[in-house]
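What follows is a group of structures, each given as structure tokens.
Paired with chain B in one complex and with chain C in the other, chain A is shared by the two complexes that follow.
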Partner chain A sequence: MSNATTNASAGAPARLEHTELPRKESNGPLRKQLFAWILLAPTVIGMGVFTVIPIIGSVVLAFFRWDIISAPEFVGFENFVSVVTNPTVRVSFLNTIVFVVIAVTLQLGIALVLAAMVAERLPNWLRVFFRSTFFFPLILSAASVSIFMGYLFNEQFGAVNWLLGLIGIAPVPWLTTPTGAAAVVIIVYVWQNFGFSFLLFVGGLGSIPKEIYEAAEIDGASGVKKFFNVTMPLLSPTTLVASVMAVISALQVFDQPYVLTRGGPGDSTRTAVMVIFESGFQQLEFGRASAIGLLLMILIMAVTYVQFRLSRRFVFYQ
Partner chain B sequence: MTTQTLEAPAAPKRARRRPGMNWSLLGRLAVLLVAAVLTLGPVMWTLSTSLRPPSESFSLPPRFLPWDPDFTSYAGVFEQIDMIRLVVNSALTTGLIAAGQMITAAMAGYAFARIKFKGRTALFGIVLATMMIPVQVTIVPVFMIIRGMDLADTLLALIIPAVPTAFGTFLMRQYFMGIPLELAEAAEIDGASQWRIFRSIYLPLATPGMAIVGILAFNYHWNEFFRPLILTISEGNFTLPLGLVSLQGNMGTGSISVVLAGVILSMIPALIVFFFGQRSLRAGLTAGIGK
Partner chain C sequence: MTDHIGGATARTLTRRGALALGGLGLAGLAVGSWPRLTAQDIPGRGDDSMTIAILGTRADAEARQALVDAFRAEYPGIKVRIQPVQGTDWKDFFAKILTMVAAGDPPDVVYVATEGAQLFADKLAEPLDDYIRRDAAELQDYFDDVHPSLLEAFMYQGSLYQLPLDWNAANMYLNMSTLEEAGLSLPAADWTHDDFASVMRQMKSAQGSGFTPYYWTNRLFGGVVPWLYTNDTSFLTEEKAPGGDWFWDRFYPGDPARATRGGGYVWDGANATDERVFETFDFLRELVAEGLGVRPEGGGGESLVGLFANGRIGAAPAGGYWVQGLHEAGMAEDGFNVQFFPRNRTQRHQFGAAGYAIMSTARNKDAAWEWVKFCSRRESMELAFPTPNTTPTRRSMVNAAFYSETGPKNWQVFYDTLDKFPTSGPIPAPPAQAAVETALMKHVPNAVSGSSRQTRATLANLQSDLERVLRSEQ
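The block that comes next holds the complex of A and B.
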């Protein structure tokens, strides 16, 4: 993110000087400015009304108890504290964190291994086939995926337990036990999203110069050694971007647990965003929903910040 | 081919390593194939099961290849839910969001890239900052603003807030910055207006960038679940993902092939994008933050 920002601002000045040729005067800078604002109007007004005002509204609302019907009542930090005091809210935040750690680790690990395998010598048609295949789940809706995955993981009739039965494993109560349900949510999420990290890794691997590998080969480095001593360090900028993006999207997980389990059994698969939805639009606790949303946003920003700070120490830029 | 002649002197060394290389190639292929089967398997099962008669839909063994197709479930899904309505709603919502994003992002991106105005850097910074705000954080106030505008439970409630796009604006700005300035300078000397320079010179050159914005918007909003779940109430305004989830809820473990037929039908537009716009979609998704 900040990469893009710095790139953009670094690129701009050089071009600006270009526009500021003497001819600018004759065109009337005021008319040009007006034209700029006309072009910007839909985006700026739209973002003002649907992003900036709502975020301010959320901050204010987070300090009130309000169900739309009766008058809002100021409650101080009570809504924020609910993350600790309210058992459901607390459990769902903990669930979200556990989910993020496991799902992101799996997603990045699988994506990296597959990307490294695709990047090495391989007939081109096979490379295209694998790349398209791993990309495919990304175009589907998480809701649809969760619908058919829910059937596949059905305890009695599901294909997963049938296949496991072939190798002598007794039917697993996937969606009816807390651990099983959490596992299914993670599997379904990773199944759909690893392709995105895979694409990033394929791009990153493609930008590592071949000469470095040749040099390593001459020095007698084996495949595994090359991976850990050449690929991993040179790939670290990509790994950073991929992990930041994976964490941000995993923190917002909603569709899969909503469709697969509705948060159950018990609260075992309830996530932070599910609690935003339930407190706001089922229990009419709009203040609490706003507060949880803000906490989630702060968590997202903090994680992003920490990951970029850590990168200064560990990421190797060429 | 050229490398072969270049590496000729090293041939004995390569020959010695050949068998090892082949084993590792086979190993790699095996792992990649297993991953591909695990990726495509669930989708193949969905397709095959949707093509079984409803009464057999949950019978074992599961079927992964659609031999002996039966289309009863496809007729069934149109009887069970107002499938046409869902498709129309999804198409309208997604189409208008995509078109709106392409136009507004091109306009704003051009202003940021090509016109110097007061507060440009600061405003662009704010636009980029809004990319960091997840949709769940603003949903409560957005819901209230929509109610205030008297748009609650309409398709416009889904469309209007989704049109302004920070990511699209960012993408189009980058795109316009890559188009040479000389074109505009020549046109300005010829006395063309600012609007003509934008509309007739730059916009046609920026269509590939707009296509990326449009395809990304289409892919995201066609599949979107969270906002429609909150912003629409009556079934007449449901979009496809919402309609299918409610159908699944009503069916229990009944004739799941009907639900799966709906799922397969809802995938068709995404498949079209996959086969014809995959390059743009990949380019857009990896251009920055896929939003």
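The block that comes next holds the complex of A and C.
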């Protein structure tokens, strides 16, 4: 209880009420706003310095030729023309889109199936075990994982081919053929990232009321029917969040192809972010790198927009 | 509890107090962590220390401490800070140095390998010509001991930018156990490409599955380039810039190859569709198809030493830098040996070297030059290279004593590569090296797979990529 109220109810002098209450009314919101801004300031400053200003800088830089060392030179739309006509850039965007479609489908599919199995059929201690186990790869460095996986998938000396050899399968040229290299990049990426989607699905499954399942059972629904007619619709908000995050993350894939294949053989595993890195930090064409970055940003925004538009039809909110 | 203090209520006081405390806390935090926020707590940062960037880890920097201490004893007025910069390869290292330049915090001196020599000479480094002329007498001993081909690799447009301290040629390492199990001995120094294929074939038949006769990686050093050089060609055109006479006439007047020396290499044209380039790739394609060689992966071949030491690999291209690693992996002195690269039209070898470059932005170039000069002395190089994990550029240091504990028996091959094949050349690395290497690495796997037709088509694609890269550089 405020002092002003206490004093007023005790019949305290009116002077106090007259002098303090109006001032509090007029300054209160201002103070609250000030307080809020003080609390928000670190985040706002951080976002401004590390996100907004670099984005603006990148947009501006896309119209310049700059090699870090010499002064930037204005070139208009030259960088964009160069990017659009460059076959490597085109292939890298195509690779990225194909990668997103396959990797995200696998990531969400595996995560959903495992989450459903863990949520329904396992004792509690095993659930905890699997939650931790499936999430564990996500906290590892993608570069370290990729180096390790590179050894595993080595054609001559890797453990994967050794295991396949035990069942009579000839060595597979995993990292030196376009199909094999793309498969390894997808496998490694999905293995490392499905744990996050898995946790989202576990959370989503836990929020579905059991009564609905019970009602479905009374109506004679089988396990498969329950999954498709109860679980999937009620899990759709979680699926939307998981898919949006997975797509945005997959569109920015870099570590796995860079470490495992360096984009090869040929351009078969070169992705959009790899081309940004190569243009900027290896070829010293920061204007061109910014132009590619802008195109990627537009692609991410477009895909996310489409996902949210589609969600109006397919997402069911309780 | 006091409700009123100086006319203010306890509630407003508490909020103000909290704000004030928070403010004080933030101010205290800022003051306390100011050295960290501004990186002043990094040893040598903020004072007048000369910063020397090297590719490596903190351990690599610490390994140079004896050298730094020796320098400081002689030059107490020059503070030195070794700054290790980690990178997966030289290309990665150079990218990080450029980022430091862009951030306004460039090092004063950088240890630069052949891969970046022209990039630095073109954009970042200071020519050493005036210093070399001034201290010519003092440097005579160094030049007398170092092969001119190694110096020529650091000439750019008639000026010298680095004094190379270590180098490595792409020689051929052979696993003696697997060789002997195939009933073979070390091949002759003048073995040919056909001899090479025959040796690999015999090793493969003696070892069976799980064994790789020839292992190579997809990169500029030790990849396809040594094979191209021995076929008297390259994927880039190669010329010499005019100039450099001031240097050759002063320090190497008796060089048998004096007439061929110039002002540095010029690689400004694509040459991937040259018929000899096709021949070379086709030879490698056949090796791969026959199972004598692997399809090359990118990277530095980090796992190679262990696999070679375990007898899983029969032969691999490498330089003197492999010796210490093989020794530490448990290979006996007679467990491996080294031979020249097999000849084709020529036996020209590929080599890479490295030395300190003074940045044009260095705060005290004279001090930086004293460091460069100091490091070129024999006693300094002995401190820098105590074990054979590279080949010192001073011929006098490449001796039996240096390899006495490690092998190989044929250690003379390392320096003989330059003496016997004086046309041996550096890694083809124009200023746009990163883009050139990316283009080459991109096409090599496809060029050595499939049919001859695929090889030719891939080389045509390599040619267009190289032309685009080199055009944008001009």
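In this section, the second predicted complex is superposed on the first by the 264 of 318 C-alpha atoms of A that agree within 3 Å, B and C clash if a C-alpha of one lies under 4 Å from a C-alpha of the other, contacts with A are read in each partner's own complex, and residues count from 1 in each chain.
Here, contacts are C-beta pairs under 8 Å (C-beta built on N, C-alpha and C of every residue); 3 or more make two chains touch, one makes a residue touch a chain.
This structure is a prediction, so every number in the text was calculated from the model and none was measured.
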Review point. First (chain B), second (chain C), both or neither: which does A:283 touch?
Key: second
Practice item. Using the superposition on chain A described above, determine whether A:229 touches chain B (first), chain C (second), both, or neither. Key: neither
Review point. With the two structures laid over each other on chain A, which partner does A:157 touch: chain B (first), chain C (second), both, or neither?
Key: both
Exercise for review: Scan A:149 for contacts with chain B and chain C and give back first, second, both or neither.
Suggested key: first
Exercise for review: Report for A:207: first if it touches chain B alone, second if chain C alone, otherwise both or neither.
Suggested key: neither
Check your understanding: Touching A:35 in the superposition: chain B (first), chain C (second), both, neither?
Key -> both
Exercise for review: Using the superposition on chain A described above, determine whether A:105 touches chain B (first), chain C (second), both, or neither.
Suggested key: neither
Exercise for review: State whether A:176 touches chain B only (first), chain C only (second), both chains, or neither.
Suggested key: second
Exercise for review: Based on the superposed arrangement, let me know which partner A:265 touches: chain B (first), chain C (second), both, or neither?
Suggested key: second
**Study point:** If touched residues of chain A are counted for chain B and for chain C, the larger one
**Key:** B
**Study point:** Contacts on chain A seen with chain B and repeated with chain C across the two complexes
**Key:** 4, 20, 31, 35, 68, 150-151, 154, 157, 281
Exercise for review: Can you check the complex and tell me which residues of chain A touch chain B?
Suggested key: 1, 4-5, 8-9, 11-12, 15-16, 18-21, 23, 27, 31-33, 35-37, 39-40, 42-47, 49-55, 57-58, 61, 68, 110, 113-114, 117-118, 120-122, 126, 129-130, 132-145, 147-152, 154, 157, 159, 162-163, 191, 195-196, 199-200, 203, 223, 245, 248, 252, 254-255, 258-259, 273, 276-277, 280-281, 286, 289-290, 293-294, 296-297, 300-301, 304
Check your understanding: Which residues of chain C touch chain A in the complex?
Key -> 3-4, 9-11, 15, 19, 22, 91, 95, 98-99, 101-102, 123-124, 210, 212, 215, 218, 294-299, 303, 307, 312, 432, 434-435, 438, 441-443, 445-446, 449, 458, 465, 469, 472
Revision key, fill the gap. Per the touch rule above, chain A residues touching chain C in the complex are 2-4, 6, 20, 31, 35, 38, 67-70, 88, 150-151, 154-157, 173, 175-177, 261-267, 270, 278, 281-285
Check your understanding: Any idea which chain B residues touch chain A in the complex?
Key -> 24-25, 28-29, 31-32, 35-36, 38-40, 42-43, 45-46, 49, 58-62, 103-105, 107-108, 110-112, 114-118, 120-121, 123-128, 130-134, 136-145, 160-161, 163-166, 169-170, 173-174, 177, 181, 185, 188-189, 194-195, 198, 219, 222-226, 229-230, 240-242, 244-245, 248, 253, 256, 259-260, 263, 266-267, 270-271, 273-274, 278, 281-282, 285-286, 288-290
